[in-house]
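Each of the next two complexes has chain A plus one other chain: chain B in the first, chain C in the second.
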Partner chain A sequence: MGHKNTFKNMFKAALTAAAFFLLLFANTGLRANHAEHCENPDVKPSNEVMHHITDNHNWHIASFPVGKCESGETEYFHLEIPLPWLIYNSEKGIQFFMSSAAHENGYEIAEGELYLLGQAPEEEANHGGPEVLEAIEEAAEEHAGVEVEPHGPTILDFSLTRTSFQMILIGLVLLLIFMAVAKGYKKNEDHAPKGIQSFMEPIVMFVRDDIARVYLGKKADKYTPYLLTLFFFIWFSNLLGLTPFNSNIAGSTSVTIALALITFILILANSTKDFWLHIFWFPGVPVPIKFLMMIVEMIGLIVKPTALAIRLFANITAGHFMVLSLISLIFILGKNGAVPAAGWGTAPVAVAFTTAIFALEMIVAIIQAYVFALLTAVFIGQAMETHDHDHDDHH
Partner chain B sequence: MEALAGAGIGAGLAAIGAGIGIGRLAGSAVEGIARQPEAAGEIRGNMILTAAFVEGVALFAEVVCLLIALG
Partner chain C sequence: MEVIMPKLGLFVWALVIFLIFFFLLKKFAWKPILEALKKREEGIENSLQEAQKARDEMQNLKSENEKILREARAEREVILKEAREMKESMINEARTEAKEEADRIMAQTRDEIQSEKMRAITEIKNQVGMLSLQIAEKLLRKELADKDQKQAVVDQMIDDLHLN
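Now for the complex of A and B:
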């Protein structure tokens, strides 16, 4: 009976989510722009890899070749989920539209950046190399101090990108799972956990007992919810990032820096007098060393959250890089279809290696979530530690 | 081209450093667990924590190399 109700509730929640998405896409649906879809069919591995691991203004699912263009290039149909854009334009005010209507509203995307239609830099300009950059810098230096009339309106981009959309999705997934778990505790009070509840309980207990209580002592229970949120958010985002069509949000520095910033704020909020004393006037060492320690400890204070952000970002990005590079190997060795035998020969090896990497990434997904939560607990614990001032006697 | 070569060499050196660090760390941890199996849980926790620190330094280097290669 309990099961039936849980499923009914989950079904209701899923229905609500589906209705939400339908509302979001109702006015545009899945449609493609017909202009500018003539492309060179050759796969450029570096471009493909960068396209996959960076954030986008729409949700690209797949591209199908549908014919030949006059220029001899292949015409593609891009299957994309349009995302809502919210743009502040100093001339036109606040604009809200779906990414599929970007051209009609006068915007375009080039190299992942938003531009007014027709103002995106030409391909060549981007590959101008250091000489062009130096020339631009010199020109800028010459004109320093001269007020330059801004040409065109100021544009602030608050669009819902692929990464932020994926974050909302992960939030919904977590909400569905943990609402079911919480209901289980209400229903099976004083009984053994059931269903998904019995899967989550050991993990929650692990975070509480082996991370929070070990490093945070008395204040552990206060920070367990934050650590659990970190752990499950990072774990699920990493896992979802490994499934097709989803983006890896932990591979975006914006996300990891935001998470690390929250931890940094918690470190500062919990810091004791002792913590700052050890930074600015390290006890128990000669005075010249105290000044040296001040510099070292100041760097350490900043490096801790920075390392948190970079560790998560680099680990997840490296995994996706490896998968995409191994798959790209087929196209590199097969010379984009010019040497089919080499391509077909590489394919099984590449797929086998990719499968192994995927297995590794499944482990990395949970290890990185564990390490992030663990280090957060360690750093907060360090900040609120109080020492006995007996350094001088013992050293 | 030189920048690309530098980035490649740098990434390799960082990987060597992290490899030596984590290798030594894991070796000692396994030895410790073999001597004292009842402390396995504690040793494993400390091992992962320290490995994360070692890896963090290496990842700083790798990200710098990546920026050189892409920029």
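Now for the complex of A and C:
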């Protein structure tokens, strides 16, 4: 009993510490970023949408106009939570600092990419992007085989970005919720489930009975924990992504590819001889078809996890795009305050549509989690399957 | 393109974070939850089976009771039948006996009556004989007052004796 309480207290202390650090960092963020930016107050919808959808190197909450700069632009106060950056620089080695100290360490962010300070392409230069890129590619071809490093040292960016940081938050939330549920089973042993336990139990049982047990046969119980993690992680991430200030975690290909990669590894780890036989020498068809099937099946093997990654990413990103585009419509039609009537007129329509899309996204959030977990189970189940080769004899 | 292109850093972090939380959740949440669910399901399964067993036992007991009841009823039936038969036979026996007794008594009575009758008849005969003798005596006395008549009577009597 005492042991359990000690653990609980430690967990609570850790959470408190995490929350405290978050606030502390937020505070430094406020100071570090104060009065740093002078910007044109006009909303540029494409920039805003991209800023919301893509990953960021800090956690931007809101910006407030606080005054006028000398250049005539508006001075903004950015409320941001700085995140830890971890960078491998081939010249300076491994560097670790908070995003609020980026400039002091000689780095800057442009268009979501990390650059050495002063090397980020200017916005104007960016418009001529394709030509610059072509020039670099031509140069690379001329130096065939030689690494072209137009920016000096090799930089590998392993910063804990907004998305990865929020993944940790989701993980902690899941731990908190399901440890409470697990505790409920210990406390209410031989009693009906109560509170959060009774809310989560049918969902847990749904994943176990209607996903794992249907498709995974004997190994169902072994993979149920993984499928549960997958399902709840994606679901909660998607829900978090629908709230203000937060990342669309599953709307990032980096994340969905990582999840699909685990599925792919599990497919390979569970594949039987029979599975590979069906890929490389399809039974029961003439030899020329066997070669054709080999190509088809090999593509299929790769396409399965790829489709998983793209489906999740595309669904979540599309939802965010729609919401942000509808909101941006107000500023586009209102010409950034030049035609206020059009802006105000658009607003109710945009808000109504956004509400509808939000409702849809709430459903999509759980459907995509279900689909990802379901297909993972289906693919692993297919790989484990052994067929009866009766059909061989008929040809 | 920026939206679609995966980034190495985020990819690595996503993989690491997901796997770490998977193992933590597995150890501290899924395992106890799934075990508790399994245990409860087994408990329910067991209770259901036990209930079925109890029901079967009850059924058995009931059918056994019914069998015993049926047997008892059959036995009663048999006993009653036997009793009825015995009663019948007893009555019949008694009746025959009584009849025989009555017959015997009747026969005896008849015999007695017969013998009494015979005796009475004999008596009457004797009486009649005595009376006849007395009458005859008186008559003779009267008749034999003279000699001739005495002779005639003796003759007559001798004749009669002959005739007898």
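Quick notes on this structure:
Here is the rule we use: the second predicted complex is superposed on the first by the 349 of 395 C-alpha atoms of A that agree within 3 Å, B and C clash if a C-alpha of one lies under 4 Å from a C-alpha of the other, contacts with A are read in each partner's own complex, and residues count from 1 in each chain.
Just so it is clear, a contact is a pair of C-beta atoms (placed from the backbone, for glycine too) under 8 Å apart; a residue touches a chain by one contact, two chains touch by 3 or more.
A quick note: this is a predicted structure, and the numbers were derived from the prediction, not measured.
When the two complexes are overlaid on their common chain A, residue A:Leu242 makes contact with neither chain B nor chain C.
Judged by the touch definition given at the top, the superposed model places A:Asp210 against chain B, while chain C stays out of reach.
In the superposition on chain A, A:Leu79 contacts neither chain B nor chain C. When both complexes are overlaid on chain A, the residue A:Met362 reaches neither chain B nor chain C.
Measured by the number of chain A residues touched, the leading partner among chain B and chain C is C. When both complexes are overlaid on chain A, the residue A:Met167 reaches chain C alone and has no touch with chain B.
In the superposition on chain A, no contact is made by A:Ala342 with either chain B or chain C.
Contacts of A:Leu259 after superposition on the shared chain: chain C is touched, whereas chain B is not. In the superposition on chain A, contact is made by A:Ser159 with chain C only, not with chain B.
Chain A residues in contact with chain B (one complex) as well as with chain C (other complex) are 313.
The touching residues of chain C, when paired with chain A in their complex, are 2-15, 17-22, 24-26, 28-34, 36-37, 40, 43. Those residues of chain A that touch chain B in the complex are listed here as 210, 214, 307, 310-311, 313-315, 318, 367, 370-371, 374-375, 378. Chain B contributes residues 45, 48-49, 52-53, 55-56, 59-60, 62-63 to its touches with chain A in the complex. Across the complex, chain A meets chain C through its residues 50, 53-55, 86, 111-113, 156-161, 163-164, 167-168, 170-171, 174-175, 178-179, 181-182, 185-186, 189-190, 201, 204-205, 208, 221, 224-226, 228-229, 233, 252-255, 257-259, 261-262, 313, 317.
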